[in-house]
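First chain A sits with chain B, and in the next complex the same chain sits with chain C.
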Partner chain A sequence: MKQHHTVKSVCKTFFGLVLPVAAFLIFLLFPFYWMFVTSVKPNAEIYANPLIYWPREFTWATYEKLFGYFDFLKYMKNSLIVAVCTMILSLFVSTLAAYAFSRYNFPGRKVLMAVFLSNNMFPTVLLMIPLYSIMRQLGLLYTPGGLVLAYTTFTIPFSVWLIQGFIRDVPFSLEEAALVDGCNRVRAFLKIFLPVLTPCLLAAGVYMFMQAWNEYTLASMFTNPATRTIPVALNSLIGQLGVEWDMLCAGGTVSVIPVCVMFFFAQKRLVAGLTAGAVKG
Partner chain B sequence: MKKALAILLALALTLSFAACGGPSSASSTPAPASSTSAAPASSTPADEPSGDPVALTFWYWADNTDQSNLIQQIVKDFNESNDKNITVTAEEYPWDSGGFTDSTFNAIMGGGGPDMSTMKLQAGKTFAANGLYADMSSYVDAWEDKAQIGDNVWEMMRNATGDGKTSILPWTLEALYVYYRPSYFEKAEVEVPTTFEEFLTAIEKCTMDMDGDGKTEYGFGMRGAGGGQEHLGNFLYPYGATWDDLTTPEAVEAYKAYLSIYQNGYAPETAPSAAFAELTDGFKTGLTAMIIHHIGSYAQWVDLFGDDVDAFPVPGSDKGQWTCAGDTELVVYEQCENKDAAFEFYKYMTVGEGGTTWFKNTGKGLGTSNVKETEEFKSNKFQAVAAEALKSAGVLPPTDTLTEFINNVWAPTNQQALMGQITPEEALETMNKALHG
Partner chain C sequence: MKPMPRKKFEIWPYLLLAPALIIMVGVVFVPVVEAIIMSFKFYDMRYPNKTEFLGLSNYIEILTKDPQFWPSFGRTLLWVLFGVGFQFLFGFILALILNREFRGRGVVRALSMVPWVTPGVLIGLVWRWLYDGDYGVVNDLLIRMGILEDGIPFLSRMETALPATIVSVVWQGIPFFALMLLAALQGVSPDMYEAADIDGANFFQKLFRITLPSIKNTLFVTLLLRVIWVMNSVDIIQNMTAGGPAYATQTLSVYVYQKAHVLNLGYASAMAVLMTLLMLMAAVPYLRSTFKNDQ
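Take a look at the complex of A and B:
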């Protein structure tokens, strides 16, 4: 009887959990798998009919070309600089702005919040020419700084709303206790408030990083061959007459790695931060 | 820990600003506004150049990394060899399915952008209407090698802007023709078609299992989506229709013949969504016996199939014959302060050494004497077919709404017609309205 129950339970777990999760994972990971195997296939195997699911012959020549002739590291460095700077700048400004919007009551607060939100209502292309013109006047065109500023015009408003929503849920009594214990505003913010905000800042930071890492439209306008970022560099492999699938897939595979690594660490911190925040709250 | 976090944040912020500012000075590109100013001292031409130094920026797209390298090399050679102290900085931008012209347009409208760039005829009117092109008519008229390029080509350039000026300068014209697999023809027992009717028959007969794997190979690689509008012209003219009016009975008959290829199963099921990549992938994998394309892709077919690939011009009928010329032009922008230098560069890129090098490596050109004299031209069977196809070549009518037709109307309308969701008449009505207003 007990054995019957065990078999039933195993079957239930297998069909109810393991199998659907496995199917979902295959669905989710297959594009990444295909991207990788395409990058290590010789050209003839990429276009073979019927499809070759596992390379008969591995070649790393594409990666050699990618990091050699194509100088992909340069694009990775540019993307990393832009994404990290966008993230840090946006987090810094958004956190302070969101704090002010949440904790201070000043005239025009709601209007300002609405104005922040309205920025996201405009399509990116609409702002291309004005932003281009501004960047040119400021001498920021074709510099990573220009691209960072352009990205922050989109990431900051969103992050302000995101962080502000989180701050509202943080009890004001936490800061009051700190103020009563002798902290000033700045110290209370840094010592008490900021640690509680960690999970939210991580979530917002990951969002900003991803936005800047993957963005194409503005990057194609505000960079030149020296400051080009990964999405634009990869797009240049899609020509009028053909797609260099091997290079494109190799570039895609490499560009996914930093994001995966970041997520791996951010995820751990994110969960830890959430737990800590809940206990403190 | 918290203190460390705060210090780290401040440090990272400081570093980020420093990092942002850094590469700007290392940028290899002068700011567009100063692109026509004096050339850098380090780029002095070798052959005792005369005149003040002139710096020009040239934006281009490349179809692959080899072409990218090639253009950079050609420009480098020009910088080193020209005797007029001209230094061109070539900057590559992604083709981005035509987004290149949008980026260039936005950049110039924003006060930046290049002095010269590669261009497509279809974007001619938008740029011309905004006064962005330089009128190069006087330069062309005074050019001793003008006659090397056919009058019909210059006419095509003038028509593309709609203002009668020669603002767009031809660089490469690639007439579309049919690539086919002789082994497939042999198996299907068909000869190379010389009439449009034979062409349709060949498509039908080549739809069979060619490699014995139990799956059907298709007679024709149909490009139902992006870029496929160019192929429609191959069907219109043999039925007596033209691009001028797509609602005539002749146009309807031609379009029905086109649609029937897919609806009868002579083209892959993916045809409605097939753009260039799907078209070429189908031919590469042996899925299709024939595709319509131009000289630009011959090298990859020869690499892949060796002798088992050949070509013929898309046949016509006694009513007409037409094929689209894939085009890439060079333009000089009004904001260029030294148009003489820009035209020198153009000459180098066509009848000069740059044009010869370009042809030798890509098979593309304008059939100028420097190109025809090369061994690459004489020994390439595809060049002869391309030259033959060029005789009936043209471009889509450069109406104000051509870009809109190409980018937003053609693919969805044609897809609906291929899938039988709308009638051929309805599809042509929509296309005609989009094309001619």
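Take a look at the complex of A and C:
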């Protein structure tokens, strides 16, 4: 009887847990495995029939090509500048705005909140067209600054919402105590509030960095070969005769690693903020 | 937490909001107005001297003459319905699995999030490689399993191209749903399940009576965000099929994007305005619930 029971429970864990977990992980991660493997295979193995799932010969030649004549480092640098500037600018203005929304009651609060939230709804392609002609007139077209401004169209509304979710978890009594002790509001904000919120702001920052690092639609309109970011550079590997798969897979591997690492550190707090926003906002 | 009670007029909140508001006006509101104005004009960058006011004729042409508009509209609905629908289904299943205690749960959770941080361009292109007619893994596996005799070029066939792109957007969206719903599930009190167990409730009764009502708010916001993102998405389709073959994967946002790329800005704006109206219909319940909650 006891024997029977353990067999049953082993079966239950296998079919109820191990199998579904394995299925999900294989489905979600196999494309990355295939991308990496393609990037280290010699050409003869990439285009082999039947397919070679485990490379027989490893080569870094594609990566040499990627950083050599394709000059991928240039695109990484462009992406880094745009992503860091987007992150800093949006964090700064969104934190102030979110603080105003969650710590003050003022005439017009609701209308302004609706204005910020509704910004999320405008399709990228709607904004892309007028932004293109405005930036051309202002001479911002094809500059990193222009792209950063274009990215704030979606990073600011979203991060105001996200940071508001975080602020809700910071008890107001903390600042109140400081105010009672004779701190003014600015000091209370800088000395008490900001340090408590910093880890959350870093998580929000990672999210915005990620968005800017990965964005393609606007970048393809607002950059030229000199200011091109990674996604546009990857897209340029689609040629007349098809895609340069080896280069694409190498470039893809290189560009995914930094955001993955950042995301792993930020994920817990990020989710806390997203769901806190969802519960009320 | 409730905002501070109002005492006297304060200038601070307005000062704090000013930078964000100024940027938003400059990069969102002015452009939206500009887009609406442009949509009533003939405005084509290829003929810079021929800008003229057309009235409603861009809209009339789109709605009555453009052979691609209504089919793209229909494909957008399919793309969002099946894309978001399956993301939700599989994301929810994954969240239920991850909500159980087991060794290595943290690692599994972190690893299963990777598709979400992957650029859309890369998703489009890597899946294009997986679907390849000659050297694609999907075909190879289907042949090995005996489901197919010969490889199919999934992305260049009319009937398989759209489902194939939907699979990749589902792949992208599962992690976000799983992550959000998992966080919501962890907020559900275990006592409720214990009480239900005592009453002899089965799995589905618990699911529909306890789990889903408890995570309703998160579920709603997650669905709405994903609907907006998926409807807006250009990068995956543009890089997988560029809307082809013969428009089989052209959604509204891809269509507008391509029209804007050939610099027919007036026409593209009119189409984008129509698309925005479609999105606002999805957004109204969201805004309304925000207001209700804030009372």
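FYI, the second predicted complex is superposed on the first by the 231 of 281 C-alpha atoms of A that agree within 3 Å, B and C clash if a C-alpha of one lies under 4 Å from a C-alpha of the other, contacts with A are read in each partner's own complex, and residues count from 1 in each chain.
Basically, contacts are C-beta pairs under 8 Å (C-beta built on N, C-alpha and C of every residue); 3 or more make two chains touch, one makes a residue touch a chain.
Because the structure is predicted, anything quoted here is derived from the model rather than measured.
K.L.:
Both complexes share chain A, so when I overlay them there, do chain B and chain C fit or clash?
P.N.:
Clash: chain B and chain C overlap once superposed on chain A.
K.L.:
Going by the contact rule set out at the top, does A:Leu96 touch chain B (first), chain C (second), both, or neither?
P.N.:
Touch partner of A:Leu96: chain C, not chain B.
K.L.:
Which partner does A:Pro195 contact after superposing on A: first (chain B), second (chain C), both, neither?
P.N.:
After superposing on A, A:Pro195 lies in contact with chain B but is clear of chain C.
K.L.:
For A:Val115, select first, second, both or neither according to whether it touches chain B, chain C, the two together, or no partner.
P.N.:
After superposing on A, A:Val115 lies in contact with chain C but is clear of chain B.
K.L.:
Applying the document's definition of touching, compare chain B and chain C: which contacts more of chain A?
P.N.:
C
K.L.:
Have a look at where A:Phe14 lands relative to chain B and chain C in the superposition and call it first, second, both or neither.
P.N.:
Touch status of A:Phe14: no partner.
K.L.:
Contacts for A:Gln240 in the overlay, against chain B (first) and chain C (second): which applies, first, second, both or neither?
P.N.:
First partner only.
K.L.:
Which of the two partners, first being chain B and second being chain C, lies in contact with A:Phe265: first, second, both, or neither?
P.N.:
Neither partner.
K.L.:
Going by the contact rule set out at the top, does A:Phe70 touch chain B (first), chain C (second), both, or neither?
P.N.:
Only chain B; A:Phe70 stays clear of chain C.
K.L.:
Is A:Ile230 touching anything from chain B or chain C once the two structures are fitted on A? First, second, both or neither.
P.N.:
In the superposed model, A:Ile230 contacts chain C only, not chain B.
K.L.:
By the touch definition at the top of the document, which applies to A:Asn214: first (chain B), second (chain C), both, or neither?
P.N.:
second
K.L.:
Could you name the one stretch of chain B listed in 26-34, 404-412 or 422-430 that collides with chain C in the superposition?
P.N.:
404-412
K.L.:
Starting from the residues of chain A touching chain B, keep only those that also touch chain C in the other complex, and list them.
P.N.:
After superposing on chain A, chain A residues 47-50, 89, 92, 128-130, 132-133, 220-221, 232, 235, 237-238, 243 contact both chain B and chain C.
K.L.:
Touching residues of chain C toward chain A in the complex: what are they?
P.N.:
The contact residues of chain C facing chain A are 1, 3-6, 9-10, 12-14, 16-17, 19-21, 23-24, 26-28, 30-32, 34-35, 38, 90, 93-94, 97, 100, 102, 108, 110-115, 117-122, 125-130, 134-135, 137, 140, 171, 174-175, 179-180, 182-184, 187, 217-218, 220-222, 225, 228, 231-232, 234-235, 238-239, 253, 256-257, 260-261, 265, 268-269, 272-273, 275-276, 279-280, 283, 286-287, 290-291, 293-294.
K.L.:
Please output the residues of chain B touching chain A within their complex, sorted ascending.
P.N.:
Spelled out, the residues of chain B in touch with chain A are 2-3, 5-6, 9, 12-13, 16-17, 19-24, 26-29, 31-33, 61-65, 67-69, 91-97, 99, 103, 106-107, 109-112, 213, 276-277, 280-281, 284-287, 296-297, 300, 304.
K.L.:
Where on chain A is chain C touching in the complex?
P.N.:
Where chain A meets chain C, its residues are 17, 20-21, 24-25, 27-32, 34-35, 38, 46-51, 89, 92-94, 96-97, 99-106, 109-110, 112-134, 149-150, 152-153, 156-157, 160, 168, 171-172, 185, 210, 213-217, 220-221, 230-232, 234-235, 237-238, 243, 245, 248-249, 252, 255-256, 259-260, 263-264, 267, 271-272, 274-275, 277-281.
K.L.:
Under the touch definition given earlier, write down the residues of chain A that touch chain B in their complex.
P.N.:
Of all residues in chain A, those touching chain B are 44, 47-50, 65, 69-70, 78, 81, 84-85, 88-89, 92, 128-130, 132-133, 136-137, 139-145, 148, 190-191, 194-195, 220-221, 224-227, 232, 235-244, 247.
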